[in-house]
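Read through the structure below, which is laid out as structure tokens, and then see the notes.
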Amino acid sequence: MKTVAAALGGSLLFATAALAQAPTWSPPDPSQRCPSKWGPNDERGSMNRQTAAAVMNAAKLIKTGEVIELGHVLGDKMPFFGTRRFDVHIKRTFMNQPSNRRGSNEEIVISEIGQVGTQFDGFAHQTHRNSHYNCFKTEEIAGRGLFTKLGIQNAGAFITRGVLIDVAGFKGVEMLGDNYEVTVDDLEGALKKQNMTLKAGDAVIVHTGWGKIYGKENARYVKSCPGLGVKAAQWIIEKNPILLGADNWPVEVAPNPDPQLSLPVHQLALVVNGVHLLENMKLDELVQKQAYEFAFMMQPLKIQGGTGSTVSPIAVR
Amino acid sequence: MKTVAAALGGSLLFATAALAQAPTWSPPDPSQRCPSKWGPNDERGSMNRQTAAAVMNAAKLIKTGEVIELGHVLGDKMPFFGTRRFDVHIKRTFMNQPSNRRGSNEEIVISEIGQVGTQFDGFAHQTHRNSHYNCFKTEEIAGRGLFTKLGIQNAGAFITRGVLIDVAGFKGVEMLGDNYEVTVDDLEGALKKQNMTLKAGDAVIVHTGWGKIYGKENARYVKSCPGLGVKAAQWIIEKNPILLGADNWPVEVAPNPDPQLSLPVHQLALVVNGVHLLENMKLDELVQKQAYEFAFMMQPLKIQGGTGSTVSPIAVR
Amino acid sequence: MKTVAAALGGSLLFATAALAQAPTWSPPDPSQRCPSKWGPNDERGSMNRQTAAAVMNAAKLIKTGEVIELGHVLGDKMPFFGTRRFDVHIKRTFMNQPSNRRGSNEEIVISEIGQVGTQFDGFAHQTHRNSHYNCFKTEEIAGRGLFTKLGIQNAGAFITRGVLIDVAGFKGVEMLGDNYEVTVDDLEGALKKQNMTLKAGDAVIVHTGWGKIYGKENARYVKSCPGLGVKAAQWIIEKNPILLGADNWPVEVAPNPDPQLSLPVHQLALVVNGVHLLENMKLDELVQKQAYEFAFMMQPLKIQGGTGSTVSPIAVR
Amino acid sequence: MKTVAAALGGSLLFATAALAQAPTWSPPDPSQRCPSKWGPNDERGSMNRQTAAAVMNAAKLIKTGEVIELGHVLGDKMPFFGTRRFDVHIKRTFMNQPSNRRGSNEEIVISEIGQVGTQFDGFAHQTHRNSHYNCFKTEEIAGRGLFTKLGIQNAGAFITRGVLIDVAGFKGVEMLGDNYEVTVDDLEGALKKQNMTLKAGDAVIVHTGWGKIYGKENARYVKSCPGLGVKAAQWIIEKNPILLGADNWPVEVAPNPDPQLSLPVHQLALVVNGVHLLENMKLDELVQKQAYEFAFMMQPLKIQGGTGSTVSPIAVR
């Protein structure tokens, strides 16, 4: 069994330590979560909640025409996780010959563009072993260069109600602790204080305050962060959101308090439930304006077969 | 003077042919167009027309919550102009060690991402000699890797009234000719037939039908195209639009009927007037549904110092 | 068994057809070929034959100082296998400020640089299932970004006797057929005609004539090619060469006459025997000058953890 | 004149300081150095000294077959000047379908590959204003993506006598000072101590000891360095070498003691005299073995239109 388990997937590292106790969570067996409630061929997961009704509900929230930007600028001050980068190289100006002397400039961009800046995670991005959302298998859908199923081009535009759950505000701090786990009590308490309830189709956005050090203390930013624990994420997911977002790099608390788990909320959301994640959000203006409810709008790039997309989402009210 | 002019900018090609007659248009002397009406330091041009009022006017047009995608998928069937590309390379799956066996996939994207697919042009992209919009000079703003002024990160989100001018429909064809110049009469005639008038702040989108061969006859798609002539572009620009868009690669007719001009509307819009361009739009659904008026929404990537951004704009009504 | 087989390695495609007869060759079980004759930790394979004696033997062959280039220029006319590319983007000239007005130019190169142009294959490049040369396992040596064992930086410089086996000349043609399999008889016949025998440590180079269409009929060049069959390759390998080279893209005949085999000589050489391959050689001058024996010199780039390197090898005599 | 001069070339930065005294050196007016002694169309400069005789002279020096590597490994510990990089991304293993289960790995490399690691500079790399070696003009030879003249593919292979001038050893130190200027006296003294004289066609390699901190103190390595002053470089160049090399990043002292000059030896060698430079050499083994005279061999990549090439040169004796 160990040999089979070891061989699965791409590059596997063997866990050899004897485990004294079971992990506090484990992903369900694929048979228990597939097929998806949206059908055995569904590739869109929670995007199925993006309906005309969701658009109308969001439009109703537009009272003054104010637009609040929720995305960071893509540039050299971004924190990067691991070996990722965002390189821009301006090419030589090309001066066209005809009499109007038109000069043309462009740049080549080299980046894991689905996984940098304010980023939107799709379902090709994560697996449990070799199994993605709706039990698509990595070896079957990873083609030469791109994924043949679950690509981010399936997402489409978001226009839905956005809800900001200001957990840091609820806890009376500007920024939660470097490794603070947001609990169900935190979420319930913050929503109650904001006099709000979650509804199906919401873009649920958690404010941890961690975004305060984005672009300022990048090494610390990516080393750990406060965020949703498994139970809190489960609690939100049961309310059928269209996505979970936060102003940290993984939405969830990292590392997880349980050392036997690696980013379990990524699996819980993306793999088990087909719920999208939105990371590295810029929430300072939203929080400062106490804009807890708004029309949330986002347009992921339609990268065919991509695992995600950097985005420039907005709140409108 | 000619020697100085020749030396300016990047790589210049000298026009040596004796010209028998003057070109039909020439860009005005920079002194005549600068400073911009929005001030000597303005970097945003027509985006200054994106106001709260524009948002409210757009929101009023949302009646049913229908969303129509106006952007093409970014993939290997895209037509590319010149040497541009859009390459995607999936990296090896990284299997994390802890017990929940979380596999992680991502890809590296290499592309002139401001100039591929459905693309939004900024003001760093084009010049007259070495002079950009609002007379910023290329040699002064082109840093190592990116532009220090006029970067696309200045644009922000678009939410405004969108107007589709169906010129192909007005002419009774599915697709205008390979090199057809759209005239002022065409625009006036189409708008009259649609019973509409342009207003300040509109995203003005012209349907040429050329998008029909996008991804199908790519060599033909990029070789030439129908589009706005200088006079027609000037006519729209006088109505203070926020952008000009079309379902071809340069918005304007190419090559220009006057062989002495290279894409003059690019200069007229981007350089002279600070009006954005939106190219390679996907208009088939909009046209088929006769959706001539709608809320136009677009979120360019905030690429610091970038010349443009690929985008996934939508029409909502 | 199928499940285990399926799980091994990266992305596996299942062979479902019932096989009426066995393939004409199959790679030996790893236990039969490991450890390598050079020891269980050896990463260098046939490069172990690059000794001071080999250098002296090569130096003895330098009689006139004539240098014949055996590598193609790396540029836009190269044939590419699959999705590979070689893109070059000149950056903007950077003009330094001090009085000597020093301008500096450079370009960014984006390429599978181990697998384009005249290319030298290393041992990280190929496997039998998940097993490389000397039974290193892919999942154990493929790190984030590069291979931690078997990297091409281990190769070092080649200076050894080079032998050209002019099979096309022996068969009386300029170019062997599009799918011609070079046999043991062909090799023996050509060597006999050239009045030569192979010695241990030789760089053995086969002339098929296929290089004639390199850069001229690229689609045909990569579609198939004449080259070594399994038996012929085995015959050479038994003589302990330092590498096998040819003027085609895989050294061996492709596709293999046995449809159940995919590039078996790649496995026979790189995986089973630890013998390097050198592809896409430029042999026209060598052949025209009837230079069958020469000092062969090659300097692979020391790309840490790389699978191969483009090279500019030479023949000196 | 100053205005015209300022406008020439790519991005120019204006020198505004009033200069109290003249710089200690200035590049000659182009008319004084063109055409090259090798003719008005020559693109190869000092490579014209690579003759059959040079090969034979080098071959004579091969006494024992010992090979000493002079190039660094290309990897993540390399120092980079400016914004350059060397990124390697392994792609997913591709497992071929036929029965021999052949897995294939490759990586994409993204780098200014002419300007990283042990690097060989060509003549497209540097200018005086807009003028290259042999008075080719940047705007005339910089095409879309690559240079149409002076490309590094013109260089070809080096096999010539190599001479190590151990200046650090002559001065009795392991490493010269962070900003030490090597003088004519230093060169003459070291050569005399080594009982050697320079000859035409030599690859002249200077040991400063700076290579000791390569990959160890990278920030310090690129911040400044000991190296040839203008007079010392001029002294060597008058002896008609094929290249100047050193174990630092610019061969010359940096910054130059004269603050009005930016890397003048680059101009003196590459632009004025058409002599190649070889930077970031690994000389520790050569020095430790006191190998002052040897066969120098180097094979630049034939990057069409490239400004330089990373290389893996060797010393053989």
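In this document, chain identifiers A, B, C and D correspond to the written order of the chains, with residue numbering beginning at 1 in each.
Everything below uses one rule, namely that a contact is a pair of C-beta atoms (placed from the backbone, for glycine too) under 8 Å apart; a residue touches a chain by one contact, two chains touch by 3 or more.
No experiment lies behind these values; they were computed from the predicted model shown.
Visitor: Under the document's definition of touching, what chains do chain C and chain D have as common neighbours?
Guide: Of all the chains present, those in contact with both chain C and chain D are A, B.
Visitor: What are the mutual neighbours of chain B and chain C in this structure?
Guide: For chain B paired with chain C, the chains in contact with each are A, D, in label order.
Visitor: Over half shared numbers or under half: where do the identical copies chain A and chain C land at their interface, same or different?
Guide: Copies use mostly the same positions to touch.
Visitor: Based only on mean CA positions, could you tell me how far chain A sits from chain B in angstrom?
Guide: 29
Visitor: Can you give the whole-Å distance between the Cα centres of chain B and chain D?
Guide: Those two chain centres are 43 Å apart.
Visitor: So how far apart, in whole Å, are chain A and chain D when each is placed at the average of its C-alpha atoms?
Guide: The answer is 47 Å.
Visitor: On chain A, where are the residues touching two or more other chains?
Guide: 8, 10-12, 83, 87, 89-94, 108, 110, 138, 142, 144-145
Visitor: Within their complex, state which residues of chain A touch chain C.
Guide: 3-4, 7-8, 10-12, 82-83, 89-93, 108, 110, 138-140, 142, 144-145
Visitor: Mind listing the chain B positions that touch chain C in their complex?
Guide: That would be residues 10, 83, 85, 87, 92-94, 110, 142, 144 of chain B.
Visitor: Can you name the residues of chain A that touch chain B in the complex?
Guide: Touch residues, chain A against chain B: 5, 8-13, 15, 19, 23, 25-27, 51-56, 59, 62, 64-67, 69, 71-76, 84, 87-115, 117, 124-130, 138, 142, 145-147, 153, 156-157, 159, 259-264, 266-267, 297-308, 310-314, 316.
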